[in-house]
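Both complexes shown next keep subunit A, but they swap its partner, so subunit B is in the first and subunit C is in the second.
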Partner chain A sequence: MTPPGPQVRKWYQSLNAEDARRMTTAAGGGIVLAVMTGPDGSLTQPLYGFQQSVLTAHVIGYLLFGLVIGCLLTYRAKVKDGTWRRVRTAPKRTLVERLTSIKSALQRGMLAGSGLLSAVIAIVVADFTGPVARNKMSWHVLGHQFLYTRTYGYLILAIALWFAVVNQIFHLTNLRIQSLPRTVVAAGALLSILVFSLTSDPFLPARFGWKALNPSANNSLFHHWTTYLWLILGALGTASYLFKRRSSPKIAAPRRSRTLVVTPSMRILTYVAAGFLVYEAPKYLSLYWQISLYQQIGVFCLLAIGLNIVVGFAGLLDLGYVAFYALGAYVTAYFSGGLPLQPPFHLNSFLVIPFAVVIAMLAGVLLGLPTLRLRGDYLAIVTLGFGEIIYVLANDWVTVTGGSAGTGTISGFSVNLLGIHYVWNPSNPLSYYYLMIGILIPAIFLFDFLNHSKVGRSWAAIREDEVAAQSLGINALKYKVMAFSMGASTAGVAGVFTAVKVGVLFPNSFVLSLSITILVLVIFGGMGSILGVLIGAIFLQWLPSYLTFHSYFGYQQTDLYLYIGALLVIMMIFRPQGLIPSRRRRREILDSEAGLGSADSLGPITQEQPS
Partner chain B sequence: MFNYLVQGIFAGLIFSMVALGYTLVYGVLRLINFAHSEVLMTGGFAGYFFLHYTIGSGSVPNSLWVTMLYIVVGVLISGLAGTIVAIIIERFAYRPLRRRNAPKLAYLISAIGASYFLLSLFGKEFGRYPSGTSQPFTDHVVFTLWGGQFTMYDIVILVAAVILMVTVDVVVSRTKMGRAIRAVAQDAETASLMGVNVNRTIASTFALGGFMGGAAGFFVAINQGIYFGMGFKPALLAFTAAVLGGIGNVRGAMIGGVVLGIVMFTPIYWFGQPWLEEVIAFSILVLILLFRPTGLLGERLGRSA
Partner chain C sequence: MTEQDFIFDVQHVTLRFGGVTSLNDVSLQQSRGEILSVIGPNGAGKTSLFNCLTGVYEPQEGSITFQPVPGKSISVVGRQPHRVARAGVARTFQTSRMFNALTTFENVKIGVEAHQKTGPIGAMLKLPRTRREEKHSDQRAHELLEYVGLTHRTNTLADSLPYGDRRRLEIARCLGTNPRALLLDEPAAGTNPSEKLALGELIIRINRELDISILLIEHDMKLVMAVAQRLVVLNFGGIIAEGTPRDIQENPRVIEAYLGTNEEAAT
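Coming up: the complex of A and B.
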């Protein structure tokens, strides 16, 4: 029975030019993605890359992906502005009743069509993530996918997807079919995640032997941490689904608050669990991941929470952040006698840390004072110039820095105090990892404390309205320079840690684009939220290593900045507050978009003219 | 020493051309366009491909008229490529944010993201190694004045830069488009009430700056060859030039570029270390900000060119 109304329009009649624009953009994005993942070209064959990525079957999967995203965006926008409504008035029926009640040819066609579509999507996904990264979508390779058990994992996912699609279609077309019973969905999700975790590993054929389930075997499922990752993700997803359904009220009631009430016991439990995980988990990783846990993830977490002070807390932009990192590293080299310029005395690397902090901080103050006095946005380009200068000095000032040939060896960390002798051995990455944790955790708590102290409140006041803050007696310049130099000194400490582990420094490890990498870590997780930045940094530093390791998606390390650049633009357009935003920062950005106050301390967009 | 001075002047002309893009966009939007370096890079690549497919690796044309034709068409193609890229940047990295009235930080981050995206895309599609460009003329010293050598490049760059900059100056100060740009720079809201299409004016500002940036890219390409990161350094120096001349000030950007070139290159005569030039330029930027933040000619955000 159609609901009575003056005009009952079909769902497609409410589409307009805005939706067409959205779909075009999404499809265009899919094509750009195809170019990004396609093969490289060269100057002699400038069109090769485009031809091989856009004019071949390579583009199909990405175009499909773009179109799916476009449909989802359109659906979300339409539901949001109330043009489309989900109607739930039908009585509850069991799954069997529901499936037998589907009578008309239209419905059957829709069911079959959506099932086919999701199966195709699954096979395409299996293909793209499969071991054959090039020459995608040829029938030969597609057929090959069925030899790998992983494809069946994706097919299971496809079935889940199909149910979802069917549900959506029926809601959309008002066929009044209820969503599936909770228990069925939950069981299905768990099962499919289990199969997915079993099958998503590229080294699969061995997984279904008896060895796979034998915990003591070297190649066991339980030795591979992706298994746990998938299981945790699946459990979380299932749990959130269950709780969401259970809480949906039958009668009009005030919307349940989505904020979780954190009791002290929960907090302590979380800390203990996180601590246990942080302490215990790395032991089970392979050497490759242990090294990258320190080098790729630990150091970059430190850098990211340092930059978060500048970008997130103070609302400034620092594009030459890597310069302070380089300063810290070269100061360490100097005090170990690794530079052509000899120091007056040699220092244990632990004792270099205060020097690195002070020197980086001084550089920050010297750079920040003249620049920030004037206009916040000049800081971005001044730091960009500073980063380039530091690189040029490291590369060309041979008599001091050793130039592009690199520095001499840098002594590692060691303790020889009160009868304790311990030398950190570079061949044991875990010892460095624990040291890094030892400095990272205090830093996190310190910065969090700072953000909730008078200093943090002053930063927030300056971000939101600089003029008002100054009229209340807050010295804006002081707090901005403070944030900038604190970020700088954090980078200095990270520099010491890198120098000590690497042993020899080359200018090429401090190129300016590294600053952009660190910036994206901060932006992705959510500027201003330490938890968000940490999670973002861990994820974004882990992902390229993982993709390189397994050569999924035809990913190449050389294309890293292509993805980073695109990610920055997309984040700024769709979600400037980041994935796990700090509540205050999110509100500031939304408020400033509505014309209330500002969300950074770069100075007002419309400025009084100097006369 | 006079030789370094001459070098500085002609390097400075390139900075002036690029600086115009910064100063125009800053005048209208109050934003540093971090993606402007990629406009220069695109111009350079367009110039490379034009010369590669017309002259190729064959002989350098020896007729003056043919050379001039190559240069004029090359500048136009490079400038057009720069214009297109600048408009694309405005369309995808700026306009969605402007529609939402995003905070300033978001624009800067989105522009730097667009810059890295374009840079890596060119590196991916056209190879990551630097390459020389086919030459439309043979470079030689034309005449020497007080020890300063004036080469063929210098003369070509001088003539082209003067023509282009005079054109921009006329466009900004005389034409309807220029009047719209100045009106938006002064007060966008009032300008839109007066019937100025703000979005189109901003796009045309990007286009104008993009044309100059692309044309500058052509000269950088024939002089130093191409590379996907070729835009970074000239663009950084050009921003310094824009600040030196007074940001938002079109004539200031022109003069600032030449002054920066002279101040950067002349000290090499005494120090003898070519890499010092960037250190000097950067110190100049910090010193201007410290002592005369409005630049040589003063900031003119929105007042007549």
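Coming up: the complex of A and C.
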């Protein structure tokens, strides 16, 4: 007698009444939610929303969403190791049993906490997506939303979502089998989010001419806040799957540490989200901030990540950094004929960039070669002097630089190549912003690669122990000059961007205090960490303008440095490593406080040279 | 030992700091593949000798010749430390000098990478050669950690390593640079007896398996006697004795200057 072979069954044969119940619940929930969150539902006319919104895209969207969730739940319940099973996964329990049998108080606490949190989130979501607060971030109309059923609808939805997330967390920590392939989950989640956000957009019917709700609605896909919020929720949901630990459930391993491992897919998701934000968010800013994004924030981000190479990566104190910035700016002025000294040929502002890079780099090498042999405070003093020399040259060498009266006009950015004609126009500040992003993002990635390469590690070695680094064959001087000149060339590029935007240069814009400001950006954000430096730069460059508009406690612009100084002092007391320090730098600062290592290559040499 | 096949040839080296003479007319020769130990009381000039051999100090008089391969002579005097290192001289330090904030693995990797060609452009753009070298240095660093027995500490921060492991790490970092000569400055300082034993074995293994000449400064006479093939005794900047471990142990001048009575030698 042959043993019975594995029973082959079609997947639909595995379904039973339980699954049907699950699907109808999900779909019904979708319809209820659709009615409640629909754009027209209100407490005063509870059924008006139902009448108005049945069979609009909105309802269909929620229905689809509910069905997708139902399918996912069914799939997860029925499929184990890739095959469909008929057996029930859980013993039949009443609702009361379910509620009381949750394993521990911890879980109940988490549920309660997440329920509260979800309520807050739901109200915010309802507020931002509600018809009153359409397309603007506004807290003023917060209370109004309670008149609409959609607030309550979102509340329910949010609680359900949080329950799902918490459930997911328990799954992770208990290392239970996740039968659904991750790619399927991610794809399904993204698809459903797309469908859902498309259809839940209250302006969609109008777009298809089904029902002229609002003829003046903007037809951009990403016009409505709903889309963003659902995208964020979707990203979070997807992330909770992607963060899943890759461990075999078969091994009854002891609980491991709960640190999350960032998977490549997670990283890509973050990049996509960040890129999307960087692309979209400025469109919602006021004109003032759109203009500020380029010069006040973008250029300073560029300067800060450049100085971060010198100060953060190589551990050298450069107090004359602004000199290279000025050099870049004046080179631009020279090549567009804005200086008394006329160039042999005029150059498009884009073509000036390589010149500015090379000239600033050469200046960095020339200054660095003799001075980077110095140690400690000497380097700071020499760079300080260099910054002053450049300032004095710009101010007093009138026949070349135009002196304190300023340069002539500098031509703007324009492209006229291979049939593409585009002129950057100050009346469109976002075009400048995107240009800045176009140089900033590659720079960020290149510098990050650099920091995590042989070169970055060599800098770390020199910073920590120059003698040991040299004993391994690392040419300390070469690497220091390299860092110095790379920082310089970045400042040169920033100089080009500034010159082109402001149009006229005055020596007064390149004074010592600017060098110190840039240094503060780097120190505040966290030396050695590109992300930290960027955030520091954005925050500290944003703050003054913000304070100008909202003068708290009688704030006046002249007080700015007082406040920034105070902020920095507090920072140095409580968080000397900066806002978001790099891991290496944080450890070095902790080490040097404990008397180990030197934290930067400025420290006194321990072995004296023979005299 | 043939006259030509030496790894280090030190001739009449004198090193002065102002009025203080740290090394006085020191001459010694280390033959290829030899474990030579330099011993002597504190302040005898042992570490100064090391610093001269690695280019950190420039002696006022005398010549130091290094032969990475037979027949290729390099003068160490006047050469910068990183260039001496590149020629094939690796060293450890009396007080261990790790890159404390980096992991064990990164420490070794820096040693391997110091001799690779990747420049800033290649590193920024992740050019093919950079990727290739990166792969190689990763693999080599893992091999070296395994060789010195630190695999279980791969991702530990250097400053949280126990003393014995730090010494091993320093040695692994040196081996990463593919040296022909390895200079160990008191590697056993601060280690416990079992670590000392393992260290001695490691030194012998490096010498035999990797064919690296070793110059060793050490106060622990048990380790020196077990490891070294030949000894040089320094006192007040000059060589007072030279010979096999047995000869040195019986040399009255050495006993007077350094070894002392049996009780003292044990410390």
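We take it that the second predicted complex is superposed on the first by the 330 of 611 C-alpha atoms of A that agree within 3 Å, B and C clash if a C-alpha of one lies under 4 Å from a C-alpha of the other, contacts with A are read in each partner's own complex, and residues count from 1 in each chain.
The definition used in the following text is that a contact is a pair of C-beta atoms (placed from the backbone, for glycine too) under 8 Å apart; a residue touches a chain by one contact, two chains touch by 3 or more.
Keep in mind that what you see is a predicted model, and the values were worked out from it rather than measured.
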item: Contacts of A:Q557 with subunit B and subunit C, given as first, second, both or neither; value: neither
item: Of subunit C and subunit B, partner touching more subunit A residues; value: B
item: First, second, both or neither for A:V455, with subunit B first and subunit C second; value: second
item: Partner chain in contact with A:M482 - subunit B first, subunit C second, else both or neither; value: second
item: A:I474 touches, of subunit B and subunit C: first, second, both or neither?; value: second
item: Partner chain(s) touched by A:L567 [first = subunit B, second = subunit C, both, neither]; value: first
item: Touching partner for A:R584 - first (subunit B), second (subunit C), both, neither; value: second
item: Subunit B versus subunit C as contact partner of A:L384, first or second or both or neither; value: first
item: Touched partner set for A:L446, first subunit B, second subunit C, both or neither; value: second
item: Doubly contacted subunit A residues - partners subunit C and subunit B; value: 588, 607, 609-610
item: Of all residues in subunit A, those that touch subunit C in their complex; value: 446-447, 449-450, 453-458, 460-461, 464-465, 467-476, 482, 486, 584-585, 587-588, 591, 596-597, 607-611
item: Subunit C residues touching subunit A - in the complex, by the definition given at the top; value: 15-18, 51, 54, 56-58, 60, 80-83, 85-86, 90-91, 93, 97-102, 106, 109-111, 113-116, 118-120, 123-126, 130, 133-134, 137, 157, 159, 173-174, 176-177
item: Subunit B-facing residues of subunit A, complex; value: 35-36, 40-43, 46, 49-50, 311, 315, 317, 319, 367, 370-371, 373-378, 380-382, 384-386, 388-389, 392-393, 395-397, 512-513, 516, 519-520, 523, 558-562, 564-569, 571-573, 576, 588-589, 592-595, 598-600, 602-603, 605-607, 609-610
item: Of all residues in subunit B, those that touch subunit A in their complex; value: 29-32, 34, 48-49, 92-93, 96-97, 100-110, 112-121, 123-129, 131, 187-188, 232-233, 236, 239-240, 243, 273, 275, 278-279, 281-282, 285-286, 289-290, 293-294, 298-299, 301-303
